[in-house]
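Supplied in structure tokens, the structure appears directly below.
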Amino acid sequence: MAGNIFGTIFRVTTFGESHGVAIGCVVDGCPSGISFDLPFIQSELDRRKPGQSAIVTQRKESDTVQVLSGVFEGKTTGMPIALLIPNEDQRSSDYDHIAKAFRPSHADFTYQAKYGIRDYRGGGRSSARETAARVAAGAIAKMLLLTRGIHVQAYVSQVGKLCLTLPYQKLNLALAEQNDVRCPDPEMADQMIDYIKSVRKAGDTIGGVVSAVVTGCPAGLGEPVFDRLHADLGKAMLSINAAKGFEYGSGFDGVTMNGSVHNDHWEMGPEGPRTTTNYSGGIQGGISNGMDIYFRVAFKPVATIVSAQPSLDADLQPVEITGKGRHDPCVVPRAVPIVEAMTALVLADHLLRAAAGNWKAASSE
Amino acid sequence: MAGNIFGTIFRVTTFGESHGVAIGCVVDGCPSGISFDLPFIQSELDRRKPGQSAIVTQRKESDTVQVLSGVFEGKTTGMPIALLIPNEDQRSSDYDHIAKAFRPSHADFTYQAKYGIRDYRGGGRSSARETAARVAAGAIAKMLLLTRGIHVQAYVSQVGKLCLTLPYQKLNLALAEQNDVRCPDPEMADQMIDYIKSVRKAGDTIGGVVSAVVTGCPAGLGEPVFDRLHADLGKAMLSINAAKGFEYGSGFDGVTMNGSVHNDHWEMGPEGPRTTTNYSGGIQGGISNGMDIYFRVAFKPVATIVSAQPSLDADLQPVEITGKGRHDPCVVPRAVPIVEAMTALVLADHLLRAAAGNWKAASSE
Amino acid sequence: MAGNIFGTIFRVTTFGESHGVAIGCVVDGCPSGISFDLPFIQSELDRRKPGQSAIVTQRKESDTVQVLSGVFEGKTTGMPIALLIPNEDQRSSDYDHIAKAFRPSHADFTYQAKYGIRDYRGGGRSSARETAARVAAGAIAKMLLLTRGIHVQAYVSQVGKLCLTLPYQKLNLALAEQNDVRCPDPEMADQMIDYIKSVRKAGDTIGGVVSAVVTGCPAGLGEPVFDRLHADLGKAMLSINAAKGFEYGSGFDGVTMNGSVHNDHWEMGPEGPRTTTNYSGGIQGGISNGMDIYFRVAFKPVATIVSAQPSLDADLQPVEITGKGRHDPCVVPRAVPIVEAMTALVLADHLLRAAAGNWKAASSE
Amino acid sequence: MAGNIFGTIFRVTTFGESHGVAIGCVVDGCPSGISFDLPFIQSELDRRKPGQSAIVTQRKESDTVQVLSGVFEGKTTGMPIALLIPNEDQRSSDYDHIAKAFRPSHADFTYQAKYGIRDYRGGGRSSARETAARVAAGAIAKMLLLTRGIHVQAYVSQVGKLCLTLPYQKLNLALAEQNDVRCPDPEMADQMIDYIKSVRKAGDTIGGVVSAVVTGCPAGLGEPVFDRLHADLGKAMLSINAAKGFEYGSGFDGVTMNGSVHNDHWEMGPEGPRTTTNYSGGIQGGISNGMDIYFRVAFKPVATIVSAQPSLDADLQPVEITGKGRHDPCVVPRAVPIVEAMTALVLADHLLRAAAGNWKAASSE
């Protein structure tokens, strides 16, 4: 069973390769009657698209999205929504050198081993270009969430060793989109940008962390025992290219805490029950508890570097490979909208799953 | 859509509550013809069962497993395998105080909010007792994996701030099962055990980390773009009670590395292609590459503590709650077989998924 | 991917073999808060159980159902509901003669070909005994449907060539359960019973038809384009042992009609829109339209007969097989509750699917 | 959960409306390495396309298919295969009269009731135009099946009361594609064509039956207890627009037979075990037995007729509706390739499911 369909009720199928005709997605299970905001989808794609700043890949793609189905007179109809993003700026010849060789820490070897054939041009299906389709689908999920007042925001919290120390509550997240690296602390953003430029100049790459916060999520989303909300969020994040780790709430730091400190105490707030602290990250027993949901995603350094590296070719003979093609020196600035999109897909799916399991909703339908 | 079924081809359904009649599971999709080793399943359950040592909960459950179906003359038949584990030592009266109150950082509030009703006795379905059913199912998955030479081992690598610094390759993992805390370094194990005892004595709890290693996994498991092998492993781990984070390969540490350092170079080894380093953690592009797979899972401190804590009752009035019932001061020693079981379930599922997608296998069937 | 899980949101897994320890099911996805009526489940099982009359198999099974999980203080909790039915009256020695031979028109050959191993005792998993688990799960689905006023009734409309000519509207369906063959026309019922007895006496078997009617189903159930309500009903019915055909509404007879006759015209009735005729069988475009749903299921004659028949053994050598064991001369009387159960499972699933897709329900949740 | 995804391992998503930009499909799970025959896909679409003869709708669509992804250097890559078919000849104004009224026996009322909105132009998503996407996907499934020697052929066996009396074995199925109605008996074909013309002339429509035969299917496909091969075939057929019934093997006629007659006896043939008769229709216990699989699908008369019919409008007021737009007088000629396509999709899926469940295949992978 191939793995190109995501979600259970709000289901997204993506398709397309980096240097093929087009990439795109089909969203099946979006409820009818939602106002369809095509400019919003395009604006989300613009946040992810290549060539948008000096610190990302310079491939030129307008990433112009077309709607093929599922929308009528400005509203969703409950039918599958197909979105198409034509590829424009392929330079496939940049990739001739890897047609028969395996780049280090790329998917070249594993795709060849698994499928016996691969579209090597630009990494084919394993290219992060595929995530544009996720961002488009995620924008539809965001439309659904916004009608419920659920808001998703991600930002860059770390590049290499440059790490924000303040928690999200003490940051002005609105500032994140005002700089090229998408860090809400302007001073840190400048440092990160300079650092990424220096790494690129050295022909190298660097990793980073994207943090995300969900506000306005009602209590009750998540389906134990296996489909806990944070488990599905974790899978979604780890399915993004270059992701290496996921933690929510107290995360790995929670390991060193005592229960007496870590426990979040319930109290009544002006808007209802709330916890005095939120080490739980808004999720208890796998179900949202009404508090903010927050988590972090680790991204490794991009594998394509300019210097020569030893590897093997298709005949398993030694070969030396030097990175070509246009690539990002650090993925996290462009990963921000992708993290948001995958978060929105998970929440939209769980919102509808909760509706399905909600007996009163079923009763009054 | 409720979330009590795990996997796509090797599918496991678990059922049962902490203080109900029994817990159990049904495995649908296990291939026929596998030698069925019931004592092995029991031995795996014994590794997880309560009361096995001084540093775990003292609830007395023999966790004796019964096979109801799917096995004939010592072999699996390809039919659903139902396993039953009767509950024996319920002390439901220990939980009367939470029938109408929400314990801090437990699932009491969220289950009530989501379902409008909950079996509060022993935490009901949200109890980690449910994981016994996973261990039983995981033992069947291990039987499948062992026929292919795939081996899964987990161990405790951190309790509070006590952290193993050596990587798994420099440890003698065979030692892990020789002490109560399941740490392969005997000296560190002693320290951890002493530390857990002191925490318990103080009426408190502490978190920890379980590390896992998979050896013998062939290249080719994992289904991009969404069902990447590490994404499914991450979801599986995060679905375990008290899990807060997951990282594989270089994980969060990889964030601070340059691509020139982080890249794993291919070379020919005596048994075929291998990488000189393994920051990829055995998975590239979401597909296993034949190298060892390794990852870490963070667990928070147990929420049940002996001291009084403020909370709310079912009428949202303030209340004070003091932990009762028998519980673990630290989950990681008993989490080790659970991590292994969930790992085995993911790998067995992906092994069969790969078989389904394997055209040559399909051709010669 | 094995096929022992049915449904998408209201999901049922069945397990167990005819001569194993027990059969049973797990229902995952039943909403919380539904009054749980165990005697009703038992009464449904009693309608299906063997030995209930002179015209069915004389195997003696009390089919006493036990609830293992998912129910608390008389209500469903939203957790998986596991039901267990121990086997009591196995006579496995009756089946020694087929351990290494393939009965004609049974599943012996195909199970052996597919799995390489089979529990031959009583037909193992292929025995219609498995359907007891479906009836138990279906009873839970009926509880759900009854809260919405949806009612399912099936009855025997044909045995051999003895066929009811009146449509269901002109029959008193309440009479169906008052005779052994479950035909609502008492005179026809007597003829059918006599005929089945004569067939049994001759050592032979005969086929029949079960008809079903669903009343009270609201408009809006069914998920085109693939999961049309009648397509899922058809699959459900065809998944019952011995089923050979399914038709709904005008069915095969509709083939010979003109569109001008077959079209159902909309008009306003006292309770809202209705159609003047109902050749559509209550389903248009795959979605229920609020009218009665009705359909027919064809069942072949039971394959076990007393006379000697030629066949092959496991070494593909000719062999002669004479039916042993206790069996039904005609399946339809006992198929009635099974048809109802599978119908209820489909409708419960689609009711919850509709709730998931219902944007207003999602909004006000 | 919406229903636009079909299959479990070989999974097809279709999208698009009758008068939208395009229709299309994404096939996820097609194995890699299969020679991709685009002209074959086009030729299958040509068999279904409108305007191909005098007895079908005169809408002019070239149904030219484009491949967007999943194919590289003439072979499938294991990645999702997206196919696009632009709409060309919409006359949406033909449908203004049903924007606010419900055509009898169409999906207008039910879509409005379920979704609260509908693209009424040409029936929108409920139009049989959607089946072009199925035919395209089915052509890929056929490519897969042909490598195993599995062949699917459908033909028209009945139009109104004109019914072929010979079984498929006595017909020359190769003749079916040589006439406009796709009936393999040339004389009967002429009668059917004349009859359809006369029905059209009268402004009316008529139903029919499509029969199908699968040859070369190995034993072992089908997944009891729920996903029996014939149950999945039945669902697939019933998911086709206008389908009202499905029967396989002896079907409804088998109801009147005795077991002693109906049982298929095993014997050794020149190529291995075979049954002397085949009332089982090539499937026993839900699993293929190596014999030919055959079944019949009933189609109702097309609902669009030229004469005026009473109905209701969106305000539930009486209205009179007269059919406009271009439509088929009888669906069965164009249903033939659709039946084949859905059959191929089911078989391809089950072929891969069998591979997944096949322990030996898994072992030697």
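Labels for the chains are A, B, C and D, by order of writing; each one numbers its residues from 1.
We adopt the following convention: a contact is a pair of C-beta atoms (placed from the backbone, for glycine too) under 8 Å apart; a residue touches a chain by one contact, two chains touch by 3 or more.
Because the structure is a prediction, the values reported are computed rather than measured.
Colleague: Give me the chains shared as neighbours by subunit A and subunit B.
Modeller: Under the touch definition, subunit A and subunit B have C, D as mutual neighbours.
Colleague: Quick check: more C-beta contact pairs at C-D or at B-C?
Modeller: If we tally the C-beta pairs in contact for C-D and B-C, the bigger total goes to C-D.
Colleague: So how far apart, in whole Å, are subunit B and subunit C when each is placed at the average of its C-alpha atoms?
Modeller: Subunit B and subunit C have C-alpha centres separated by 38 Å.
Colleague: Cα centroid separation between subunit A and subunit C, in whole Å?
Modeller: Distance between chain centres, rounded to whole Å: 45 Å.
Colleague: In whole angstrom, how far does the Cα centroid of subunit C sit from the Cα centroid of subunit D?
Modeller: 26
Colleague: List, in ascending order, every residue of subunit A touching at least 2 other chains.
Modeller: Subunit A, residues with two or more chain partners: 1-2, 4-5, 8-9, 14, 29, 32-33, 78, 114, 116, 125, 220, 353-354, 356-357, 359.
Colleague: Which positions of subunit A touch subunit C when the two form their complex?
Modeller: 1, 9, 29, 31-34, 78, 147-148, 218, 220, 351-359, 361-365
Colleague: Sort out for me which residues of subunit B touch subunit A in the complex.
Modeller: 1-6, 8-9, 14, 102, 104-107, 109-111, 113-114, 116, 125-126, 130, 158, 160-161, 199, 203-209, 219-220, 222-228, 230-232, 234-236, 238-239, 244-252, 254-260, 262-268, 272-273, 275, 279-281, 283-290, 298-305, 307, 309-312, 316, 318, 353-354, 356-357, 359
Colleague: Quick one: in the complex, what on subunit C touches subunit B?
Modeller: 1-2, 4-5, 8-9, 11, 13-17, 20-24, 26, 28-29, 32-33, 66-70, 72-73, 75, 77-82, 84, 114-119, 124-125, 356
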